[in-house]
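Structures incoming, each one as C-alpha cells.
Shared between the two complexes below is chain A, which pairs with chain B and chain C, respectively.
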Partner chain A sequence: MTNANGLPKLAAVLGIAVFAILPTAGLPAFYESFFYLVFFWVSLSTSWALLSGFAGYFSLGHAAFFGVGMYTTATLTTKFEVPFLATIPAAAALAALLGIGIGAVVFRVRRLRGELFALLTLAVTFVIATIILNTPIDGGAGVFMISVPMPAIMSSQTGTIYVLGFAMCVLTLAIAWWVAHSRLGMGLFAIHDDEDVAEAKGVPTFRYKIVAFALSAGIAGAVGGIHAMYVGFLTVGGTFELTVPLYVVLMSVLGGSRHWFGPAVGATVITALLYAFISGGEAMIGRALVGAILIIAILWLPDGVVPAVQKWLRRQRVAGAGASATAMPAELVPVELAPTKPVGQRNILEARTVTKRFGGLQALDGVDLDVREGEILGLVGPNGSGKTTLINVISGHFPLTSGTIAVDGVQIGHLPAHEIAGRGVARTYQIPRPFANMTVLDNVTLAATFGGPARPAAEMRDEAVHWIGFTGLAGKEAALPAELNLHERKFLELARALAARPKLLLLDEVLSGLNPAEIDNAIRLVRAIRAQGATIVFVEHLMRAVVELSDRVAVLNEGKLFALGAPRDVMRDPRVISIYLGKAYAA
Partner chain B sequence: MIDRMSAWPRRRVLAGMVGATAALGAPAILRAAPSGKPVRVGGTLSLTGFLAQTAVIHKIAAEIMVEEINGRNGFLGRPVEYVLLDDQSKPEVARSLYEKLITVDKVDLIQGPYATAPILAAMGVAQRYGKVIIQSSMGIPKMQTYDMAFPATPFGPEPQKTYPNVILDAMASLPTPPKTIVILTSKFPSAQFMAQGMREESGKRGVNVVLYLEYESGNRDFGAIAARVKEANADFLWVGSLGLESNQLLEALRKLDYTPKNSFHLYPAPGPLALSPDGKNALCSTFLEPAEPFMSRPGVARQAAAYKERATKANLPYAIIDAQAAGMISEWQILEAGVNGAKSLEDKAIAAFLKKNTVDTIYGTLRFDGLYNHGNAEQLIKQVQGGEWKVVWPTKYAAPGVKLIGS
Partner chain C sequence: MPSATLLGQALISGVLAGGMYGLLALGLSLSWGLLRLVNLSYFALAFLAAYLTYELGTTYHVEPWWSAVLIVPSMVAIGVVQYWVFDKFKVNELASLLITFSFAVILEVVIQLYWTADYRRFETHYSTLSIKAGPFYIPVLELVLCLVAGALAWGTWLWLRKTYVGKALRASAEDADIAAAYGVDHKKLAYLLSGISAGYAGVAGTFIALIATLAPAQIWAWLGVVFAVVIIGRLGNPLGALFAGMAIGASESLAMAVMSPAWAPVVSFSVLIVILLWDPDWL
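Moving on to the complex of A and B:
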C-alpha cells in the first residue's frame, strides 16, 4: 500500500528531474521551444482551473490576466528598463490585484454566477484590451521587445525560456496540488457544487473565491510576463484574442477541470495534437481532426480524462477485491437510544421581533421565539406561514430585515451564514442538497471541517465516519449522492449537520417523502441526536412526528408566531385547528 | 557619363531578355533538369487561424515559384523542395516551427512567413542561427533590424515618409488639389504607422488635417466615424484600412448621403472594394497589377496566368494576381538570385551577394543596400475605374489612356 502511494511521488520527482536537466542534454532548440509551449499551456490552463474548475466560476476572461502580465513585463522592460526577471513578480501582482478587484465587486452579487460571470469576465477582457490599445501602454503600434536583454540562466535563449516556463509550470502545479488537498480546495469544491449550502456549512465562500481568483489571475499574469519575452512583439489583437480562453477551457475540460492535474493532461494532449498536424499539406485536415478528437473525447469523458482514469482504477480495485467489498444498503435501524437529558432552562436561541420582507411580501412579521438548551421545538404552520424562512434567517441564508437573533447569548442576526455555522448552528434542507460531486465521506468531512471546532484532518475524517455510521450510511462512504435513494440522502443531510457538532440543529421537513418504516427510523434518529445533547428546531408537517418528538410546538401563521406550547395543548387549540383545517373543524 | 550610365542598364536588360528567352523558349530537353539531393527551403504560413485567407495566396504563389525554379535549374542544379508548415496565425507557433525547421528538419534555407508578428518571431530565430530570411509583408521596415533579413516588397526604408508624398503628389496633380484631409486609421501597427506619416507629411505640404481618428482593428460599426467624416467634409479622405473596413466605412457614409470627394484606402480587400458601387474612384496602395507595363516584365504574364488558374481552382474570391501574391513570388526570385549569385547555399554568402547586387523581380529591379536592407520605395497608387483596379500613379506605371480621376 505504501509502495503504491509512493509511486506517483517517485514519478513526479523523476519527471521534474528529467525535465529540469533537459536543456543540458543538447537537444535541438525546437524541443525546448515545444516543451516551453506545453509548460505555458499547462500553467495557463491549471491557473484557470483554480477558480473556474475548482469553484465552478466559469471564466472566459483569462486572456485579461494573461494580457495584463504580458503588457506589465513589456512596459517595464521597454519603457523603464527594469530587468526582465524583476518584472515577473510585478506581472503576477498586477494581474492578481485585478482579479481581487473584480472579485471584490462581482462575488458580492449572488446573481452573477454561471453564464453571467463568464460574460462579465469576457467583458473585462475587452475593457482591459481597449484601455491598453488607447493609451501609451500600446497605443496600437504594438510593443517590440527585441532590445530587452534575456538573462543568461542557460547558454541559449531557448534554454533560458524553457527553464523559466518549466519553473512556472512546476510552481503552478504545486500550488494546484496544495489547493486541491487543502481546506481551501475542499471549500472551493463545495462552492462549485452548491455555494449557498457551502456557506451554510461554514465555508467562507467570499474569501475563498477571492483567494482562488487572486491565485488564478496571478499565475496567469506571471505566465504572461514570461510569454511576452518569448513572443517578442506584442499586439493587443494577438494578446487578448478569444482563442486564449477557449484553448484554456478546452484543455481544462478535456483533462478534468476539478482535478489539480487534469488541465495539465489536457494541455499536453492538445498542444501535442496541434503540433502533430503542422505540415502545410495537411493543415486544414489536421485541425479538423484535432477538433473531432476533442469532441469525441469530451462526449465520452464529460468529467475529463483524469477523473475517468481514476474512476476506472477504482472500479478495477473494487473488482479485484471481490464481492465482499461491495457496499451494502444502509441499515434502517442505525442507533441505540441513550437516555434523554432533561431540557435546560438556558435559552440557546433567542429571536426577537424577527422580520423578513421580500419586496412587498412580509414573510416574517415580528417573530419572538426562545429555544431552550436540549429541547426539541416543533415548528409548524400552513404552507407559506414562514417556517422555512425562519430557518433561513436563523442560519443566515437570508439576511434579517429587522429584529435580532442570538445563539448562546451571541448576536448572529447580521453575520454571514458561514460565521453562524461556525457558532454552532447547523441545518438540513427540505429537499436534500448534498455536494453532488463529492462522496458521502467528503460531504460529511466538509461539514466537520468547516462547521465544527478546528481539529486535525484525520480526526475530522474519523468523526465523519462516525456520523455516517450513526445515520446508517456505513458502507456508502465512497458513494456519490446520486447513488443514494431519497431516504439515504435525507440521512446524509443529517450526518452533515451532526458532523458540525451543532449547538442548535435546524431540521427542515426531514421526514417528507419517506415511507412509514423510514419515518419511524428517522424519528428514532432525531431522538438519538437529541440524546447527544443537541437542541433541535424542526419544521414538519407530519403531526404524528411533531407530537411524538417535540417538547414544545410553535405555530407560525402569515409570518407571525400564532401559538406556542406543549404539543398536545397546541394541537387541540381551536385556533390552530382553524388555520390548518378551517373553521368547521375547529368548531 | 550619362550615355554610359544609360547604356549599361540597356545592355543588361537586353542580356536578361535574351537569357530569359533562351531559357523559356528552348525545348525542355535542352534545359538542365535539376537532380540530386533536394535543396530544402523551410517556411511557415498562417494556413489556419485568422490570417489563413491571405496566407493561402502566398502558398499558391510559392508553389508556382518552386515549380518554376525547378523547371529551370533548381538551386545550383539541385531540385528545390519547399517544406511548408502551418504557424496557425500565432507568432509563438511560428517561432517554434522555425526552430524545428532549422534545428530538427535541418533545412538548407528558409523563407519568411506572412504578417508582421510571425515575421518578427521568425526573424529572431533566423538571427540566432545565422539564416537569411526574406519576407514580403512587414510594413514597418524599421523593425527589420537583423542584417540578414531582406524585404521582397519595395516599401523603401521609410515608407511613412515616402509613400505619403507619392499620394500627395498624385493629389496635387488634380485640377483642384485637396486643401484639407481627414485621416482615419485602424489601430493595426502597420496601418497606424503609415497614418501617422500621412499626418506629418500632409502638414508639411500645407494640406490641413481637419480630422485624425484611430479606430480599433476589427471594428465593424462605422456609423459614428462616418458622421464625423461627413461633418469634417474634407477634400480628401485617407483611410488606413484593412480588409472589408473600407467597404463598411463607405457604406456608412452612403447611409448619411455623403460621398467623399477623393478617398484613399491602404490595405483593403481588393475585390469587394472594386466591385462595390461605393468603391467608385477609390484609390489604394499597390506595387503591381496585372496590366501593362507590369505584364511586360519577364515571366509576369505566365505567373499571373498560373496564379489565376490555381486561385480559381482553390475557390479564392479574388483570383487575380496582386501585391500579395507578387510578394511571395518576389521572395523566391530573390532567394533564387541570391543562391545563383553566391553560387552557394551558405547564408552568409547569399546575404553578402544580395547586399551588393540588384535582383530582377516581379516588382522590377530591387536592391538591398539601404537602411534596414531596403532599397528604393516603389509604392504605387491604383484606382477603381469601371469596376477594375488601374494603376494611376506615378504616371509612368499607368497603362496607356489611364489617368487619375479626381472629384
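Moving on to the complex of A and C:
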C-alpha cells in the first residue's frame, strides 16, 4: 500500500528534478523553447480548469486574463522601467482583480450558468481587447519588449524563459493539487454538480466561486507576464486571439477537466502534436488533426483521458479483488431504540408571520409556528398549501418576503442558505438531489465537512462512514448515486442531512415512492434520528406515518397555518377533514 | 459631430450590414434554442458555401443564384448528418460547442488547403448597383440580403408559431419527454430543424461570396458579434435574431461614424453584457 502511494510522489520529485537541471545539460535552444511551450499550455489550461473544470463555470474568456497579464508586464517594463521579474506578481494581481470584479457582478445573477457565462466571459475579452487597442497601452502599433533586460538566471535567454515557465508550471500544478484535495475543492466539485444543494449543505458558494476565479485568473495573468517576454512583440490581435481560450478548453477537456492533472496531460499531448506538425511545415494539417482528435475524444471519452484511465484501473483492481468486492445488500437498519428524551420546553424554531410571495402568488401568508426542542412535528396539508415552500424558506433556499425566523434564538430569516446550514439546519429533498459525480462517501463527507463543526478531515470521513452505516447503505461507499435505487437515494439524502449533526432536521416527503417494507424501515430510521437528539419537522402525505411519528401535527392550507395539535385530535377535526376530502365527509 | 446626412447614411448601412448578422444568427439561434445544440460550424459552413459560390462563379461562370440552388441543399444534408452524430452520442450543449468548433477548424483547414490563405474577391456587376433615395445611397445587394433574411426569419417564425410541426418543436424544446408522451416525434423534427439551420448558413454563404472579401480566417470574424445577436434576440426566436442583428449593425455603424471605426466591437459586447446583467423578462 505504501509502495502504491509512494510511487507517484517519487515520480513527481524525479520529474521536477530532471526538468529543473535540463537547461544546464546544454540542449539546443530548440528544445528549451519547445518545453517552454509545453509548460506554458500546461499552466494555462490547468488554471482554466480551477474554475471551469472544478466548479463547472465554463469560461471562454481566459485570453482576457492572460492578455491583461501580458500587457501589464509589457507596460510596466517598457514605460515605467520596472524590472521584468517584479512585474509578474503585478500581472497576476491585476488579472486576479479583474476576475474578482467580473465574478462579483456575474455570480450574483443566478441564471448566468452554462453557456451564458461562457459567452459573457468571451464578450468581456473583446471589450478589453478593444480598450487596450484604442488607448496608449497599445495604441494599435504593438509593444516591443526587445529593450527590456532579461534577468540572468541562466546563461542564455531561452534558458531563463525555460526556468521561469517551468517554475510557473510546477507552482500551478501544486496549487491545482492542493485545491483538488482541500475543502475548497470539495465545495467546488459540489457546485459543479448542483449549486443550490451545495449552498444548502453549507458551502459558501459565492465566496468559493470568487476565490476559484481569482486563482484561475491570477495564474493566467502571471503566465501572460512571462509569455510577454517570450514573444518579445505584443499585438492585440495576437494576444486576445480566440485560439487561446479554445485551445485551453480543448486541452483540459481532452485530459479531463475535473481532475487536477487532466489538463496537464491534454496540454502536453496537443502541444507536442502541434509542434511536430509546425516544425514539419504542416501547421495546417496539425490544426485539423487536433480538431479531429477532440471530436473523437469528446464522443468516446466525454470525461477526459485521466478519469477514463482511473476508471479502468479501478475496474482492474475490483476484478482482482474478486468476490470480496461484491457488497452486501443494504439490509434493514440495525437500530436499537434508545429511550426517547422528553420533548423540551425550549423552542428550537420560532417562525413569526412568515410570508412568501412569488409574483402574484401568495405561497405563505403569515405563518406562525414554534417547534420545541426534541419533538417531531408533522407538516401536512393539501397539495399547494405551502409545505415545501415553508421548508425552502426556513432552509434559506428562497428569501423571505416578510416575517422572521429564529433557530435556537438566532434570527436566520435573511441569512444566505449556507450560513443557515452552518447554524444547524439540515434538509432533504423530496426528489433526491445527490451530487452526481461524487461517490456516496464523498456526498456524505461533504455534508459533514460543511454542515457540522470543524474537525480534522479523517474524523469527518469516519463520521460519514458511520451515518452511511446508520442509514443502511454500508458497502455502497464507493458507488456513484446513479448506481443506487430510489430507496437508497432517499436514504443517502438522510445520511447527508445527519452527517451535518443538525439541531433541526427538515424532511421533505422521505416516504413518497417507497414500498410498505421500505416505509417501515424509514419510520424506524426517523425515530432513531430523534433518539440522537435532533428536532425534526417532516412534510408527509402518508397519514399512517404522520400519526405514528409526530408529537404534534401542523396543518397548512392555502399558505396559512390551519390547525395545530396532537395527531389524533387534528386528524379528527372536521375542518381538517373538509379541506382534504371536501365538506361531505366532514360530518 | 458629423452631419445629419452622414448619420443617416451610417444608419442605413448599419441596418443593412446587420441583415448579415441576422442571417448568420438564424441557424445558431434555432439549433441552440430548440435543439439545445450550440453549433459553431455554421460559420465555417457559410464560408464553405461562399467559396463554392466563388469557385463556380469564377471558374465555370455560374450565376450565384444558380449556385445557391445546388449549394443550399448540400448544406441541409450536412446539417442532417450532424444531427445524426449528435443524437447517436447523446451530445449535450457544451460538448456540441466543442465538437462543432473542431469541425469548423477542420473545414477552415480544408478551405485553406484548396483555396490558400489569400484574399479572394468575387467581382460581379451586382456589387456596384445601388438605389438613390433622397441624399442616401442604398446598395442593392445588401438590400436583397435583408429582404431574403427578413423573409426567412418571418417564414420560420410563422412556421414555429402557427403550424402543428412548429408547435411540436417548441414543445419538445421545453420538455422532450412530455412532448414525446403526447406523440411528438422529436427526432424527426430535430433532423428537419438541424437541416434547415445548416441551410440558412448556405444562404448566408451565397451573400458572403457576393458582398465580402473571402479569407479562411474570416470564418471567425463574425463569431463574437453573432453570438451577441443570438442572445439579445432571444434563443430560438428567428425574428428576434434578425431585429437584434439590425439593431447591433446600426449601433456599430453609428459608433464608427461618431467615434472611430476601431471602437465598433465594444458596442455589441457592451450591449450584450448590459442585457445579460440586467436580465429582463423577455430574455
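Following the convention adopted for this analysis, the second predicted complex is superposed on the first by the 577 of 587 C-alpha atoms of A that agree within 3 Å, B and C clash if a C-alpha of one lies under 4 Å from a C-alpha of the other, contacts with A are read in each partner's own complex, and residues count from 1 in each chain.
The rule is short, and it goes like this: a residue touches a chain if its C-beta (ideal position, glycine included) is under 8 Å from a C-beta of that chain, and two chains touch if they have at least 3 such contacts.
Here the structure is a predicted model, which is why all the values come from computation and not from measurement.
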Chain C versus chain B on the shared chain A, clash or fit after superposition: clash
Touching partner for A:Val18 - first (chain B), second (chain C), both, neither: neither
Touched partner set for A:Ala292, first chain B, second chain C, both or neither: second
Partner chain(s) touched by A:Leu250 [first = chain B, second = chain C, both, neither]: second
Contacts of A:Met284 with chain B and chain C, given as first, second, both or neither: both
Partner chain in contact with A:Phe30 - chain B first, chain C second, else both or neither: first
Which of chain B and chain C A:Leu133 touches, first, second, both or neither: both
Chain B versus chain C as contact partner of A:Phe144, first or second or both or neither: first
First (chain B), second (chain C), both or neither touched by A:Gly238: first
Contacts of A:Leu274 with chain B and chain C, given as first, second, both or neither: first
Doubly contacted chain A residues - partners chain C and chain B: 130, 133-134, 140, 284, 287
Chain C partner contacts - residues on chain A that touch it in the complex: 58, 105-106, 109, 111-112, 114-116, 118-120, 122-124, 126-127, 129-131, 133-134, 140, 242, 246, 249-250, 253, 284-285, 287-288, 290-292, 294-295, 298-299, 302
Touching residues (chain side chain B, partner chain A) in the complex: 45, 47-48, 50, 59, 84-86, 88, 90-93, 95-97, 99-100, 102-104, 116-117, 120-121, 124, 128, 143, 145, 187-189, 192-193, 214, 216-218
Footprint of chain A on chain C - complex, ascending: 32, 38, 85, 89, 91, 93-95, 97-99, 101-103, 105-106, 108-110, 112-113, 220, 223-224, 227-228, 231, 260, 262-263, 265-266, 269-270, 272-273, 276-277, 279
Parts of chain A lying in touch with chain B, wherever the complex brings them together: 28-34, 36-37, 40, 130, 133-134, 139-142, 144, 146, 156-158, 227, 230-233, 235-238, 241, 274, 277-281, 283-284, 286-287
